[in-house]
Amino acid sequence: MTLSGPARWALRVFMGVGLTFIYVPLLLVLVNSFNGDRTFAWPPHDLTTRWWAAAWENDGARQALITSVRAGLGATVIALVLGTMVAFAVQRFAFFGRDTVSLLIVLPIALPGIVTGIALDSAWRSVMGDLGIGKGMFSVIVGHATFCVVTVYNNVLARLRRTGTNLEDASADLGASPSQTFRFVTFPLIRSALLAGGLLAFALSFDEIIVTTFTAGPGVTTLPIWIFNNLFRPNQAPIVNVVAAVLIVLSVIPVWLAQRLAGPEAGASRT
Amino acid sequence: GCGGGGDSGGTGSGPGGMPVPKVDKLTALGAGEGAVNVVSWAGYVEDGSTDKSVDWVTPFEKETGCQVNNKVAATSDEMVTLMKTGDYDVVSASGDASLRLIYGGDVAPVNTDLVANYKDIFDGLKNKTWNSVDGVAYGVPHGRGANLLMYRTDTVKPAPTSWGAVFDPNSPYRGKITAYDSPIYIADAALYLMKTQPDLGIKNPYALDDKQFQASVDLLKEQNKMIGEYWSDYTKEVQAFKSGNSVIGTSWQVIANLTKADKTPVEAILPSEGATGWSDTWMISSKAKHPNCGYLWMNHIVSPKANAQVAEWFGEAPANKLSCGETTDKNHCTTFHAEDESYFDQVWYWTTPLARCVDGRTDVTCKDYSAWTQAWTTIKG
Amino acid sequence: MTDTPTPAIRLTGLRKSFGAVEAVAGVDLEIADGEFFSMLGPSGSGKTTVLRMVAGFELPTAGTVELGGRDVTRLAPFERDVNTVFQDYALFPHLSVLENVEYGLKVRKVGRRERRERAERALASVRLEGFGGRKPSAMSGGQRQRVALARALVNRPKVLLLDEPLGALDRKLREQMQVELEAIQREVGITFVFVTHDQDEALTMSDRVAVFEAGRIAQVGTPEEIYERPATSFVAGFVGTSNVFTGDVAKALLRREGTFSIRPEKLDLAADDDGNGVVAEVVYAGPITRYVVDLDAGARAVVVAQNRHNGTPLVARGHRVLLSWHDDHIVEI
Amino acid sequence: MSYLHRHPRLRLAALLSAPLLWLVVAYLGALTVLLVSAFWTVNGFTGGVVREFSLANFRTLLTEEVYRAVTLRSLGVAAAVTAICVVLAVPMAFFMAKVASARSRHWLVIAILTPLWASYLVKAYAWRILLANGGPIDTLLGGPGNGPGYGLFATILVLAYLWLPYMILPIYAGLERLPDSLLEASADLGARAGRTLRAVVLPILIPSIFAGSIFTFSLSLGDYIAVQIVGGKTQLIGNLVYANIGAANNLPFAAAIATIPVVIMVIYLVAVRRSGALEEL
Amino acid sequence: MTDTPTPAIRLTGLRKSFGAVEAVAGVDLEIADGEFFSMLGPSGSGKTTVLRMVAGFELPTAGTVELGGRDVTRLAPFERDVNTVFQDYALFPHLSVLENVEYGLKVRKVGRRERRERAERALASVRLEGFGGRKPSAMSGGQRQRVALARALVNRPKVLLLDEPLGALDRKLREQMQVELEAIQREVGITFVFVTHDQDEALTMSDRVAVFEAGRIAQVGTPEEIYERPATSFVAGFVGTSNVFTGDVAKALLRREGTFSIRPEKLDLAADDDGNGVVAEVVYAGPITRYVVDLDAGARAVVVAQNRHNGTPLVARGHRVLLSWHDDHIVEI
């Protein structure tokens, strides 16, 4: 795009300021993970690595991380399946109420988490409870999947709109059965959209506190819940900073990988 | 009409026609079910995962074969909600939750004969209004503490002695006053009014009729103008005192200790009016799927050693007399006034306000907790 | 029936509606084995829809599709012995050129070895040896078109459907590909059904042409039949340019009643002060020059003359001319 | 197989039934039950839910001044957060999509996505430290008390910070789809950069901006945690719902309060749907 | 300098590199005021890049751009009195057709009243009265193209740049638009710079044509000059079809040394048993028939003959023929 030099510079500076705004608090988290003070007094008067050592030994954080990853994967898988199905239905068919579907799908993400949380909680108790299925990991996954569907749906829908049905027609034309067409053509074509949508779904689930609070059963401590429980205890709060710092660093891996695998589209992922 | 005592056994109805759902208590201890689901305050159930040296769960699991699944609740309200699900066996309920659980039929009376360590618990904690109904015990006391007045010694001069320091509309600390963020805090105002405005006739800060309630709420609305922030978790309060965002307000002993440990000049006192406070009680669910493990847990958590560990880790006074000999810090019981009954005589433990006045008045209806909750919303504005 | 050879394709009463739109409004057609058959018509006239029903991508609203005498109306695309070359080629972007060509064999479980061999041969037949390893995105338009062709041909279908395969190419490339396509068809001898909206293309390449108009076939015939004896004024106007004279003009000019068409290249032009018109415009177009003549009879006529003499016009703008013709070339429509 | 080929309705049913069962039955069903319970009450003596239709909860909501104040405050916060996010996101996304080189664009996208993985709570707490009395921001502004401190402004700032990536991403995606030729056409017709931004870029980005705003607006409207951390004594609708949910079993009253954000969001979504925003998320 | 009129556009030593790719490799060109000037050339030859430098979307790597005698090389697009019709039209999708057309006037602060009037007039001039209220998405390809034209024309620029504006249209529509474009240019009298890769289009529409080859101009001239006297074999091959004879064939056939080109329509064909070749192929194409002749001299020649006689070929395939020509039509290249 043709922009004057000063305009380019202004934008570049703005981007720099924006990134600073985004990263200064994260940097603070990193610094505070070395802050000798338990409640992160500023400026830090002594630096220590003991929180990192303590975090390393902290079983609860590790367990919570595993729980979160499992919940995130579960929710993501469900979101991938359901979101893809709806996207196909909406893109490939005309049916009564099609316009309402997109509204229905965004609803769980658009309504405040606390509403989703208490609705699912009371429904779960009155329906599933009667069936003898208590809340646990499964209810967390259900809760998360409900608001994650939209990310997959939107990514896949956009991809389907862009690719059209020609390639699938071509595949059938060349003799491929519907399942072969899906395996050889459709899936590879929507793979990067699935990756982008899935990544965002996972990220949403991974960081969700409110819905989790209301849907988690006994013994299910996801990382945000663990953080919630520990951040408010001065003995533990510094360890939380370590965990967060580690998360930030680790998160570059899936994001980067997804970008590599999916090409630029994954980056432009539709939230 | 409003009757006095009812009959025992958790049957019949409470005063004011309030029925206590009939729930049977366990009569004999059987074999453990292999697991127990626990709702607790953060720090009450530690299995070494937060700090390797802090672990009273693993020995319990080894000994009884009951696997402990712990769910930390942030507030009393959350505890009530969680217990209503029926997914949990035991809960460390504070007094502002316990009655709700009892009257909700969510917890069962406790057969104290099946809890061997019950006999060593301070008498001052047994059969209180918040953990029993009509002499029937609904739980095993866990520990206690007072809501203290904490202040920065370098800025708050002279040192306060009265809650008036946080209610005085002309306070020089306007904007730097903090208060506990919960409807139960209305009791702190009521306590203050009980001492400063005797004509209101407040006898128990948890039993407020319309007029008394309104006076308390009005006081808090005035106070709100001076509040910097309310606190509900203790990292937040420690940090606020350290940075100077808050210089005076309610606190817990443990918070005071932590703040001091971080070299912030603070002091916490029990003001002349006395204070509100809490005494937590382990209760067992009326729908417990693991009642035997639940009883085993209740017995374990008030055992001298475990109770001492909890009290030290969390920062409160233990419930078991023998625990004072088990603490690593030999001064622990002194610091937390564990054996000082006269100290705790000035403490009004959190009790769920009910429509049936908990002070025994029968000629008026008191404000129940949901009214307190809605009022709290109004106070914060 | 029994003594005429079974046609490669027979469409009977074929119709297709999309909601209120009747895309195909009743088509009956037989295409012989080995024929190069073109479908010509304006945008929206239903050509693609007919093709898609033959391939099996759309279910007809009414009518039947027979392939080699078998009713396939309700069969899925993968159950029909027909292959398609799509307008946008529809090459699989995630597969290499060779994998694209192998695709049809792979889904039919042809062994790896044979598959590879046949695909290589198909690529060679469209002059793309050595390009197998590339991704389609690294190929030019003309090359992609040939990959699509190879991908269809490798399956040795009875019928090949081509939906405006040359539409996206620029003119130079397009002319080149026309020649190649014809050569390939002659070589492999399978039936080609070729959709286009380019009249030149249809005329030069086909054995027979069907002209579509609004979901129906307006005329079927050889290129000569279509061009020289258009059945309707629509065909006359759509296939090539035509001077159409009607009413008073026709009467004055041709001394006949009715509507008549005459092609610009059939008209003779000579400077003549006693002529029947005035040159309004002269447009040089390389091999030909177009003259627009204002006729005294009250209409405009276009005359096309081949430039046999270095582009200098026969007559200049503004001159009076005499327009003349053979009566055989006047087509009543 | 060809059976399914001939019966597209069957294919549609196979695709839609599971997701719709989930969303309509499970989610909408749960939501409906919740909203219905807003018309119930709680018996002050037994604490039990009285399943009888009553407008008592809504009467309280309408008559008590505080609920109107909190609703307006929450709406204001959500709107302010959204506005701040738009103002920050548009130039950033524009830089990413139209100015940065292809290579740096890749890294910028990663840079925007990465913070999504740092815990929400941890980030909010980091801001608590930044905004503390005498903290880094105060220091930057010349001393204790010079910064904004905790309160409404801090709440808006921190929420804007938390949700900014959710605004940048759809706008970036929208800009990537915006052909450069439109920008060139505008310049060609005599418009300077600012004019092009106002007259061409922003109007075309409206659906993307709305899409982002669904996140920023609704997440702000429902938040009750960040405001506790940096909001001083501020309370928002989320706090009210949360305060009532467990309190004396007052699920009905909590549900009644919850209808406020639900109604606001549904109106918002229906309004915004017309712009095509729901497809840009 | 002083006595020749200032050209509308003067490009001097214009170059543009994208990294290692030299898109424009040195272009010098003058385009006169009011000229209809076309740029013709294969894909990638640099036509668009030149246009973009004239419009101001790209900064030249070297060289200058003058508009009406003023050096504008480093001015922004909005500072140049030039407007562009983009290949994809680049209509603003959120604005109505009328608002699109008004856009340039609005940013130049032309009053509401006048703006509206001029826009309506511009729409009328492209025959789109009454379409002002529609969104571009509700218009067909040809209509959009005309909106883009109106949007540019309404600003009364000195120069209008058109980058393959007809590329996306189908042939029928395209021919129609060619006529309209020419008429409009004649009417408004502004300089048109028209990019295309369609030779017919360039030849029929332009006053002068520049043929591009790999970032350079291979030849500039009138359509006749370009077509009848191509300067290079590239031009001969790219603009129209040519029979090119060289080496021994040229010697045998023309009795001359060198490379020569002769257009298919300049060749005469007559059945003659003593002739110089054999008809290999006869392709009927409506107004013309193409004959491919295998020459005894060892090459193939294409002959085009206008079908003055109902499509019956002059000679049939396989017959011996005599190919003849005027020597003036042989162009040495």
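Read from first to last, the chains carry the letters A, B, C, D and E; within each, the first residue is number 1.
We take it that contacts are C-beta pairs under 8 Å (C-beta built on N, C-alpha and C of every residue); 3 or more make two chains touch, one makes a residue touch a chain.
To keep track of the chains, here are their UniProt names: A, D = Putative spermidine/putrescine transport system permease protein; C, E = Putative spermidine/putrescine transport system ATP-binding protein.
Please read these numbers as outputs of a predicted model, since none were measured by experiment.
J.: Which chains contact both subunit B and subunit D?
T.: Expected: A.
J.: Which chain pair has the highest count of C-beta pairs that touch?
T.: A-D
J.: Looking at CA centres, what chain is most distant from subunit C?
T.: Between subunit C and the rest, the longest centre separation is with B.
J.: Measure off the straight-line distance from the CA centroid of subunit A to the CA centroid of subunit E, and report it in whole Å.
T.: Roughly 53 Å, centre to centre.
J.: Rounded to the nearest whole Å, what is the centre-to-centre distance of subunit C and subunit D, using the mean of the C-alpha atoms as each centre?
T.: Whole-Å distance between the two chain centres: 55.
J.: Taking the mean of the C-alpha atoms as each chain's centre, how many Å separate subunit B from subunit E?
T.: Computed from C-alpha means, the inter-chain centre distance equals 88 Å.
J.: If a residue has to touch 2 or more other chains to count, which residues of subunit C qualify?
T.: In subunit C, 56, 76 touch at least two other chains.
J.: Mind pulling the subunit D residues that touch 2 or more other chains?
T.: 1, 5, 125, 129, 132, 134-135, 184, 187, 245
J.: Could you tell me which residues belong to subunit A and also touch two or more other chains?
T.: Residues 2, 4, 40, 42, 177, 228, 231, 237.
J.: Considering only the defined contacts, which subunit A positions touch subunit D in the complex?
T.: Interface residues on the subunit A side: 1-4, 7-8, 11-12, 14-15, 18-19, 21-26, 28-29, 32, 40, 42-43, 81-83, 85-86, 88-89, 93, 95, 99, 101-116, 118-120, 122-124, 126, 142, 145-146, 149-151, 154, 157-158, 177-178, 200, 203, 206-207, 209-210, 223-224, 227-228, 231, 237, 240-241, 243-244, 247-248, 250-252, 255-256, 259, 264, 267-271.
J.: Within the complex, which stretch of subunit C touches subunit A?
T.: 55-57, 76-78, 82-84, 86, 88, 90, 92-94, 103-104, 106-108, 151-152, 155
J.: Provide the residue numbers of subunit A that touch subunit C in the complex, in ascending order.
T.: Against subunit C, subunit A makes touches at 166-167, 169-177, 180, 184-185, 188-189.
J.: Can you name the residues of subunit C that touch subunit E in the complex?
T.: Per the touch definition, subunit C meets subunit E at residues 42-43, 170-172, 175, 197-200, 203-204, 223-224, 227-228, 238-240, 263-266, 283-288, 290, 304-311, 328-329.
J.: Provide the residue numbers of subunit B that touch subunit D in the complex, in ascending order.
T.: For this pair, the touching residues of subunit B are 16-19, 75-81, 84, 100, 103-104, 181, 183, 224, 227-230, 232, 235-236, 239-240, 243-245, 352, 354-356, 368-374, 376-378, 380-381.
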